[in-house]
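You will see subunit A twice below: alongside subunit B first, and alongside subunit C after that.
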Partner chain A sequence: MIGKYALKRLLVAIPSLLIATVIVFSLSRLIPGDVVVLMMEENQYAQDLEEMRAKLGLDRPIHVQYLDWMSRLVRGDFGQSLYTGRPVLQELLRRLPISLELGAVAVAFAILVGTPIGVVSAVRQDSLRDYGARSAAILGLSMPGFWLGTLVVVLPAIYFGWSPSIEFTGFERDPWRHVTQFLVPGCLLGIASAASIMRLTRTQLLEVLRMDFVRTAWSKGLAERRIVLKHCLKNALIPVVTVLGIQIAQILSGTVIFESIFGLPGMGRFLFDAITERDYPVIQAINVVVVTTVVAVNLLVDLAYAYLDPRIRY
Partner chain B sequence: MPTAQPFEAVASAHRPVARRRAGLARRALGGVWWFCRRKPLGALGAVIILALLVMAGFAEWIAPYAYDEQIPGGRLRPPGREFLLGTDNVSRDIFSRVVYGSRVTVTVSFATVFLSNVLAAVVGITSGYFRGRYDICVQRVVDAWQSFPFLIIILSLLAVLGPGMGNVIVSLSILVAATGSRVIRGATLTVVENPYVEAARAMGGGHLRIMALHILPNVAATIIVLVTIGLGGIILAESALSFLGYGVPPPHPSWGSMLSGSGRTYMYSAPWMAIWPGVAISLVVFAFNMLGDALRDVLDPRIRGTSRHGRDG
Partner chain C sequence: MNLSRRDLLALGGMTIAGTALTPSAARAQGAPKRGGEFRFRGYTPPHFDPHLTASYTTMINLSFTHSRLLMHKTGPAVKPGTFDFEGDLAESWSQPDEKTYVFKLRKGVRWHKKPPVNGRELKADDVKYTFDRFMTIKGNANRHMMNALDRVDVVDPYTVKFTLKEPNAWFLDFIATPMALCIVAKEAVEQFADLKKPEAVIGTGPWMLDRHESKVRSVFVRNPDYFRSGLPYIERVEAIDFNDPAARLAAFVTGQLDAGPEFPGMMIRRQDWKIVKEKRPNLRYVEFPANVMTHVGMRIDKKPFDDIRVRKALSMAVDRQAILQATAEGVGVMNPPVPAAIAAWSIPHDQLGEGRKYDQFHPDEAKKLLKEAGLGGGFSTTLEYATYGSQELIDAVQMCVKFWKDVGVDVKVIEKPYAAYFATAYQGKQDALMMGPQFPALEAYNFLAQYLPGEPKNQSHVNDPALADMILNSSRTLDDKKRRQQIHDIQKHIAKQAYYIRLASGIYIAALDPKLENFGPNLGYDYGGRLMAAWWNK
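Here is the complex of A and B:
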């Protein structure tokens, strides 16, 4: 049963991924002609216009270009950076783990903070704690991450003479510092997601708390703790799992900002540098990797969803 | 739609125009009063938004200095009586720059929300109305768009199109429209099932007429909620782009760009440079989120329970 569902879900994901690659591919077609000239003159990516257009793959019919690009992608050839001349894949493999570590801290923070607060907020609906938590959540959704990041770097430096590290430490040089350097940016990155998860947990739990089986549980004389944590939370958390899939995309967006502020040489930083240098093959490759990650995570989340709740079928 | 409404409309048609207008005004005021009492936080949000609009509209009168005016002897002065929010590293008054910066915020966010919702309404309504193969194709494209983390695809788009206000608005709109169209499609799917749609069709109404006159007014509440909730997110996105240097180009101040660039090294000695633009952004986004939540509770109980980044309606 689950196998059939997985297959169906996979078949839906493939066209989305294909359309996404078309979108990424079209990006390079949108480059205005004068920018191509600029790339040649300013960045010295080629000797003449002819060579520049050939490097961007603009010299052949569009469908041939797309099929060629796709077939190389499938074989793991992500092209070469115009700026460094090195294969993009090599650079990506070096940088991807850094972004994933940062993202993992953010997701962990979002779940560990968002869910319990959402539960308390729902169980004590309309209490002072509930109002406090809801206001904090809206505030968390309102504060721009780059501002929080800036404040966290600047303010402690002024008042305590200390600031979080903005220099990258490799794992092999100092494992402890390597791990701890992700804590501050990771938690900041997770704040908005924590707020979303808290709000969703709260509304979902409120709905479940009003269901018949919960009344039955109450009348059986079960303790509140057992009712909420064992009977309700399981049911309430199912949509939260789905939202987590959507949050992954938000968190990947945030890596661009936080890696810039905290000096982490991850994929977000790579993208930002590539954009400054007009390094289009790199921009395309990063987009493909990121979009594949998001589609894959959402696929896994949907499968987990069907596994957790046997009632749900596509 | 309640059945009492047509009767009321007929009855009021016989009243003199002036009295009818006064009645309308009183009813509108009553509605506002009811909203303020039921949703005080939403009303607070509305007041902050009104203040933002006034600030953007009358920046010349409110700001004591021009946004690019370098005040002699006023470099890196802390907030105080002379300079309300202090001055920056090139002797410009930060309060004035925040006031002028609201123009970029208002222009980009309102233009984006307008453009994206027009796009979302066209895509969402046609998709929910025609259904079938067209719907499936459109929804797959929307799926693909939604898989892109917003900042990554917008930065990539701007890398191709070049920075500038117009390009920021267009690329933000396309992205916001994808999520919006999903919600509007959801609302359309339920509206289409109503008997009045069938009646309109039986009376020979064309597709365009049915969509414009019967479906659009009935999904309007959803659109209003989407607009208000969307505005907060758009302001955050615009400020993030400005922060990264891909927003509205200088010398025009925008709240995001005030936090980036050459000024960052001075923030260690002048923290007010780092604080106030961020406070402005947070306050305005907070206001839109509050108002959006309140409006959603009042206007559209259907999309209650979905998050700001939620997919379904």
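Here is the complex of A and C:
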């Protein structure tokens, strides 16, 4: 059953991806003015305009360009970076794991911090702990990431002469340092998501806690821990999982800031640099990867519903 | 000499160009020691081909790996802002006549032991190949530096002769500049098609590029076969690419970097100075005027800027001291047309003559001039600029707009992305006004070229035949004393015409780890050249 549903969702995802590729492909062509002239004047990526147009494949009809780009894309050929001259895929493969590691720490932090605090806040509604948790969540949502990141880097340096590692260390060089360098930026990146998850978990759990089956459980004399964790939490988590899917997309876009501040050469920073350098093949490739990831995550979220609520039928 | 910031202000910043203000530069103490690592804020270049970009990011990297015929003297005894020559690959040089230079090359100079060059000896053919490529390759933004060059001839394997089309007094300055003319290997170009790839970074310099991770770091290791015996002392140089200014500051404050992280020349920002001094009180530092000069270019080929009264009015409406106060804590130097930092050629500001008053704040006089020009009711115009990621520049632009508004001129600011600005306004393709920092050259010619018709950097579209003659004539004058006088006269002439509105330059603070010996900071991109004879006293 779930296999059939997954297949259906996959089929639905294909047109989404196709539309996304059309948008991504069209974006550079919608920029006012002749983008090739602009790129040539700014960066001299080729010897002359004609070579530049040929390099970008702009000397052919637009539908041919799109089909050619797509055919290369599905074969894993993302083209070459205009800035470095290296294959984009090679750069992506080097940088994607860094962003994924950072995103994984952020997601783990968001879940591990947001969910338990949300549970405690709901179970101890209107207590000091609840007020404290809600205030902290508002604070977490309000603080811009770039500001928080800067403070965390600069303030300890000024007051304690220490700062988190801001120089990237590859896994092959020092595995321990490689992993730990993601902790601070990852946690910072996950704060806003943790706050959202905490608030949603609290709201959903409060709703479930007032349901008849919970009252029945209380009247049967079940322990609080069992009622909350076994009977209520799973029911409360379905909207949380939906939000988590959206949060992952936000976390992916948030990596740009934290990768810049903490010197992590991930995909976010790659995108930032590519935009600065008008490196269109790279911009297109990263957008395709991001769109594909978001679509894949949402597919996984849909599938997770079935696990959390067996009543859901497809 | 100890001068407070207020003292600097009192001096009006006019006479201190090139003066090291704090006698704490890295003096050489004890015997040199080999070893250790030097970590500084590095830059990821677009690529490594010095003939296909003018980017400082490329040139700074190549300053570690490549050599030039001549270089500027380095070391703690060198006063920042001075650029005396010494031989690099050239053992000696002579000028048999006004249009000929002959360079005798050192013997036994070997290329880095990397394929395809594999440590062969550098000879005169390599020099000829480099200059021929420099002159003929398409897309070389620095080609103008060698406009005077007619041909390069190999006299014998260790002698190379340069023949110019006409005498050019700046020729040796260009040969020595760390901003364009390092010698490259033919085999590397042939093997890799160009020199863009890190694998093609094969020079004869003191360090070899060991690893380049784009946007992360470049690692240079000591060249054991470097032609200066015993040098360099430092074994490994790590250039770490930090994107974020706050992260750079934190890294420097916590000792993760050995030199100030800001461009150019291992500086720190003045607003960070207090924190840095508190946290690393033993730092060695040197203050000297910046050769980065920000100015406002005006389309003087268009109305109303073709009227000298309007240009003078706009210039006198600007309170440069207030801008300096707001952007650099009041510490800076007033700039004649050749920035004060280029001490050898810049005329002291108080000797600018009549033109000096147009650099001073006289809003009432400005209003009067506008009235005389028939613009008593004011006028509207536009100003194009890029932020360069600098809050100081944004503040300066906003303050100028306010000052002009005060005299009735309404300026609409058009902010452009850097690259778009560089392609347009920086090359004089703005509608009316442009504003921004200028190329930080180490000689006077590049600043004066801004007044020559047809030059891309002539952002004001100056077309003054008398001035052009004066500039070209000075370029043909080989006697330094005479040329200095000519350039002083040129600057007086320019100031009178108010072709650009020049702002004051800040005072750089170069900061270094106290254990680094025998290092003298200076302007320019020659990071490698300056580090070559330094060592760690740890």
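To be clear about the criterion, the second predicted complex is superposed on the first by the 307 of 314 C-alpha atoms of A that agree within 3 Å, B and C clash if a C-alpha of one lies under 4 Å from a C-alpha of the other, contacts with A are read in each partner's own complex, and residues count from 1 in each chain.
In the analysis below, a contact is a pair of C-beta atoms (placed from the backbone, for glycine too) under 8 Å apart; a residue touches a chain by one contact, two chains touch by 3 or more.
Given the structure is predicted, the values throughout are model-derived calculations rather than measurements.
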First (subunit B), second (subunit C), both or neither touched by A:V290: first
Partner chain in contact with A:P144 - subunit B first, subunit C second, else both or neither: first
Partner chain in contact with A:S219 - subunit B first, subunit C second, else both or neither: neither
Partner chain in contact with A:A157 - subunit B first, subunit C second, else both or neither: both
Subunit B versus subunit C, judged by how many residues of subunit A each one touches: B
Touched partner set for A:P15, first subunit B, second subunit C, both or neither: first
First, second, both or neither for A:L271, with subunit B first and subunit C second: first
Contacts of A:F168 with subunit B and subunit C, given as first, second, both or neither: second
Touched partner set for A:G263, first subunit B, second subunit C, both or neither: second
Which superposed partner A:T84 touches (first subunit B, second subunit C, both, neither): second
Intersection of the subunit A residues that touch subunit B with those that touch subunit C: 150, 154, 157-158, 260, 278
Contact footprint of subunit B on subunit A as seen in their complex: 15-17, 19-20, 23-24, 27-28, 30-32, 35, 138-139, 141-148, 150-151, 154-155, 157-158, 196, 199-200, 203-204, 207, 243, 246-247, 249-250, 252-254, 256-257, 260, 268, 271-272, 274-275, 278, 280, 283, 286-287, 290-291, 294-295, 298
Of subunit B, residues touching subunit A in the complex: 140-141, 143-153, 155-162, 232, 236, 239-240, 243-244, 246, 256, 259-260, 264, 267-269, 271, 274-275, 277-278, 281-283, 285-286, 289-290, 293, 304-311
Subunit C to subunit A touching residues, read off their complex: 46-47, 52-53, 138-139, 141, 196-197, 213-217, 240-244, 246-247, 249-251, 253-256, 275, 279, 417-420, 422-424
List of subunit A residues in touch with subunit C within their complex: 38, 41-44, 47-48, 83-85, 91, 150, 153-154, 156-158, 161-163, 166-168, 170, 260-263, 265, 269-270, 273, 276-278
